[in-house]
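The chains carry the letters A, B, C and D, assigned in the order they are written, with residues numbered from 1 in each.
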Amino acid sequence: MIIILKPKATEQDLGRVVGRVEEAGLKVHLSKGTERTIIGVVGDERKMDIQSLEVLPGVERVMRVLRPFKLASREFKPDNTVVRVSDGVEVGGNQIVVMAGPCAVENEKDLMETALAVKASGAQVLRGGAFKPRTSPYSFQGLGKDGLRLLAKARDLSGLSIVTEVLSPGDIDLVSGFSDILQVGARNMQNFSLLQAIGGARKPVLLKRGMSATVEEWLMAAEYVLAGGNTQVILCERGIRTFETYTRNTMDISSIPLVKQLSHLPVIADPSHSTGVRSLVSALSRAAVAAGSDGLLVEVHPNPEEALSDGAQSLSLDEFSALMRDLGHIARSVGRTTQPSLEKAMRGGDAG
Amino acid sequence: MIIILKPKATEQDLGRVVGRVEEAGLKVHLSKGTERTIIGVVGDERKMDIQSLEVLPGVERVMRVLRPFKLASREFKPDNTVVRVSDGVEVGGNQIVVMAGPCAVENEKDLMETALAVKASGAQVLRGGAFKPRTSPYSFQGLGKDGLRLLAKARDLSGLSIVTEVLSPGDIDLVSGFSDILQVGARNMQNFSLLQAIGGARKPVLLKRGMSATVEEWLMAAEYVLAGGNTQVILCERGIRTFETYTRNTMDISSIPLVKQLSHLPVIADPSHSTGVRSLVSALSRAAVAAGSDGLLVEVHPNPEEALSDGAQSLSLDEFSALMRDLGHIARSVGRTTQPSLEKAMRGGDAG
Amino acid sequence: MIIILKPKATEQDLGRVVGRVEEAGLKVHLSKGTERTIIGVVGDERKMDIQSLEVLPGVERVMRVLRPFKLASREFKPDNTVVRVSDGVEVGGNQIVVMAGPCAVENEKDLMETALAVKASGAQVLRGGAFKPRTSPYSFQGLGKDGLRLLAKARDLSGLSIVTEVLSPGDIDLVSGFSDILQVGARNMQNFSLLQAIGGARKPVLLKRGMSATVEEWLMAAEYVLAGGNTQVILCERGIRTFETYTRNTMDISSIPLVKQLSHLPVIADPSHSTGVRSLVSALSRAAVAAGSDGLLVEVHPNPEEALSDGAQSLSLDEFSALMRDLGHIARSVGRTTQPSLEKAMRGGDAG
Amino acid sequence: MIIILKPKATEQDLGRVVGRVEEAGLKVHLSKGTERTIIGVVGDERKMDIQSLEVLPGVERVMRVLRPFKLASREFKPDNTVVRVSDGVEVGGNQIVVMAGPCAVENEKDLMETALAVKASGAQVLRGGAFKPRTSPYSFQGLGKDGLRLLAKARDLSGLSIVTEVLSPGDIDLVSGFSDILQVGARNMQNFSLLQAIGGARKPVLLKRGMSATVEEWLMAAEYVLAGGNTQVILCERGIRTFETYTRNTMDISSIPLVKQLSHLPVIADPSHSTGVRSLVSALSRAAVAAGSDGLLVEVHPNPEEALSDGAQSLSLDEFSALMRDLGHIARSVGRTTQPSLEKAMRGGDAG
């Protein structure tokens, strides 16, 4: 931490700042320049609050040297975290993991059809919302517990793992009983009560980036979960809000390699919410894998035009199948693999 | 709602769209142009989801005509809502209501001193956080229930009403027992579980605008509370995130007159979080009242440089007292009043 | 300037950084902490480029201590700059200066009517575009030189001073011949060729803030003009781009007191472009003056519904007249004055 | 165009709106609903200005149906535009075109070394700034005409084509004499004087997206050039400003497939300015090609740590060479090719 004094700061001001730092068990290193005095703080600066220093008389600015996250940082844990979702499904290893399914669980027939189809195309996890966060109180809010039961049934039928969203601390136990991964949605990325409660759960977590969150804030949200004792965190880039209006959000493609540098946690991309436009989903999926994404979260629906929620961005089953073939080629071009059976099919196809 | 078909849409496409609209109990009005066919939807379009129409074959774009909020709209309720906080404290009437106090409740001595001082300067409500949403899990998270007890004690001592934040649906009953207004923070503006639960509470609500929320999203958040049956909603502009770095956020001053036009709900401004810079708080407070704000939420601390949280933006007791005198002048210049005893003091001062 | 080395930086890395700083004629002050070494740079850091240091091996981050603007800073010139536009019209003094008129000059009749009316209401400067920057090549681009001639005629008729926009270095001489203030529009705030050319002109400049510019970038644009030798710069806050869609832009009201603290230059507000909504212009005008603005730039049109450009945000002549009366009250409540004849009329009114 | 009247609009209001539309040579189609009357405008709505309709009494909102750009749209020209830069260098065909070189031309030795190296690695165009737009008047502003001469010399030596920036209408002739492509920088994307002048030039144009521009505004800027008669426009995504601070800008990866859908113009990506971070450039380059980019604009420097401008984002010659090999693999995985000699080398490598 660096503390910059104002040109007119007095010796008394300096003394007060130094005292405050030393009270916190840290040391100071003075640098008196011709224009200003600068105080370097030596030790773990995370113990001190920037703002409580900035208000002291004579202080012009306070700047952090260290990143505010610790458990999430690659310095803390140099090796990649691989999140084990279930037998044979691991996120963060060499294999690209694709999670696919409808935005919201709507009915048994569509969900089972989707599960079997995405499994056949090479997905390993089924996504589907039972509790839906909706901007309007008058919109479809999800099937709730009935939706969870349908997801569990689809898991039994298809062998896919399940990821679904949890909205409230009070629902964590319920959702954990039916799902393999607990999803925290973008709007709840800074719902600290929820993050703390999930830190105490023993399930992998899919933590979506908030709509206007910086990468640092996103990693601080992961830090809440890690600090609570749950180390199985998968990050998910789902697009941020920008001025662009032709797309719903803007995928921050650079966040993928950046997170891999800053943190040991795996990161996947959600091309469906990132753009909101069905015809752009495949291009963004390819880009994400080319940039180093560990997987994808894709909306798929047997009849996108009938979907109760987010149909405009859902791929049809055929479009998804075509996307998975493309992804196989991209994955290989960056030295990654996709689901084994898909790999095998591709090799057959290439040879044919 | 207006549905615009693509130039190459077929009769079959048209028929499918019309069918979908009529299924929802609405009527269509066709407009066949030289370039495109346009379908006007007649009836309450809030019953239909834009996205489920946009994915139909042949559809280019769907645009709403009506605002998505209803109970919060001035069309629904032309007269101003006046929220009665307690005996003699009403937000949304002619009198400007000032809520002041520390960011976080820290200890009894400081809180009591602050309460008496802001009361003497003309504030009517005491603010102070007991449960604090913090971006770092390692920062001070508030005193919790002990903080609530101190707030209640300050109310007894000073006669001020109390506003404090609630973070989780599970805490609403607890906080309601100690506070006159339940505050929903910016990070929870789209925590729909919390909004629904607060819709069932019988306490006035202070709903802060989300950090990157549009005015429409903010009013939709209010709609959640209103739809739950709680009509006592006070909106609070607290600044939005922009590219500016010299201030913490950017107060959207135009949101104040805009909300007064779109909605019947009262709106106040938080100049402290809007800027994060103590030396700008007074100028923003004056501007907010000049623009039509029904009140202010201001951070005040007896020793800003000792504050555990947000000291950099807190006014000292003397600065607050000076601000209140300025506000009296501004309020009168736009035909509003401030707290009666303050009015009296100002008249005395003007005469002297 | 502070240079932070990586934890693993070698002595050789350190030596290279120190060498680079000393080559530039500056001195270093080392601070070796337990986690990192920090280098304080002593001397005028504006001579060094941050990026050329950041790429050196072993360097983690480089942070400025000083603001990058110098001539525009209040440290450089503690007293307010007062820009003398013409006899009796000074921007930056105690008097609020209002500049009013149509977005674009359209025809002689309307311009003369507008000029006489805004003069009568208390404006001191007539605004009107002859060269219009338009996002579409198919929109009305202004009357060009004919527009300039009409402005000069309106000046002769009304006694108002003139402000109009210049788009290109090649037009500066032409526009200077007809106008008292050269306006640089928001889209040209970082058109450095234009800024350099205007730095050589001997006319006051109205420098609008760019649509997504930070206050620092805005002051750096002013620095270009000042560095060229033209010290008569008036800054103009005209709203920044945000996610809000109900208004065209978002007035950054805090920029007004902030600029007054950081710089000695006068600053005015443009409530018309800041919002794009006629019914919000008066509220924003009052807010700007309450926050410390030195003046206003307001769009006025005799028939807003007939305007060729930006009619949606123009006040009618009657609305403008009412606004000027309101402004008189606000100005007095913050210890400022408005145009003398208006002051006199107000005193008469108050006495009645 | 759709015009929505207010619920209380009168017959007189309706008549005035209809009259205004018919004056412009367009037809109306009325749709009277239970809540509102909606007017569909039939014909080429680009002739009408939205704002001149929005201010009419009784009008609530006006919405465009057609995109505001025409010459740039794929509807106007369904086939891809292929811009022929020089013999054998075409942008927008099946081959990925890479443009590489230093941010600014600094001296002869470095430029010649860079030219030969990037040529050997498979680049087809040399980039390098002679006129540099800099946010500070005190920063290095480029070598000007001397820089242009060095670029021409590098062209003679290496056989590469040249792209360099033009800042002012007065410099177009000069720059055209030395360069194969005229670059319009991000800060000048809405410098309409410059766009108009370039519309009259007979050189291919590289049009960078503005820092906060929407895709629509970017295509409207292209429309200015096209409307001036210059049809050889290459678009360049270079990242937009967001709240993220770890990267300089945020590459809008979705703009690449989006522009290919909306427009016939070729689009390339600038991964260097998009991120500002050297260690992320390769990942973004791969992502851009995977998303459908027609080429890349990459900063390369023989000694990034010695660069006078933007060294922090420049690749070394070796890093660039490695990137080109990776790109070959990605290009093939999406059915594209890279520079022929590189293709050949890759085939050799694959066989080995």
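Side notes on the structure shown:
We adopt the following convention: a residue touches a chain if its C-beta (ideal position, glycine included) is under 8 Å from a C-beta of that chain, and two chains touch if they have at least 3 such contacts.
Not measured: the values here are computed from a predicted model.
Any chain that touches chain A and also touches chain B is listed here: C, D. Both copies, chain C and chain D, contribute mostly matching positions to the interface they share, with over half of the numbers common to the two. Over half of the residue-numbered contact pairs of A-B are shared by just one pair in B-C, C-D or B-D, which is C-D. Interface comparison, A-D versus A-C: the pair with the greater number of contacting C-beta pairs is A-D. One inter-chain figure worth recording: chain A and chain C are separated by 40 Å, centre to centre, where each centre is the mean of the chain's CA atoms.
Once the centre of each chain is set as its mean CA position, chain C and chain D turn out to be 29 Å apart. A separation of 30 Å divides the Cα centre of chain A from that of chain D.
Touching two or more other chains at once are residues 212, 241, 243 of chain B.
Residues 2, 4, 7, 29, 31-36, 38, 40-43, 61, 63, 65-66, 75, 241, 243 of chain B are the ones touching chain D in the complex. Per the touch definition, chain A reaches chain D in the complex via residues 212-216, 240, 242-247, 250-258, 261-262, 274-275, 277, 279-280, 283-284, 286-292, 326, 329-330, 332-334.
Residues of chain B that touch chain A in their complex: 46-47, 49, 51-52, 54-57, 68, 133-140, 167-170, 187-188, 190-194, 196, 211-212, 217, 220, 223-224, 227-228, 241, 278, 304-312, 314.
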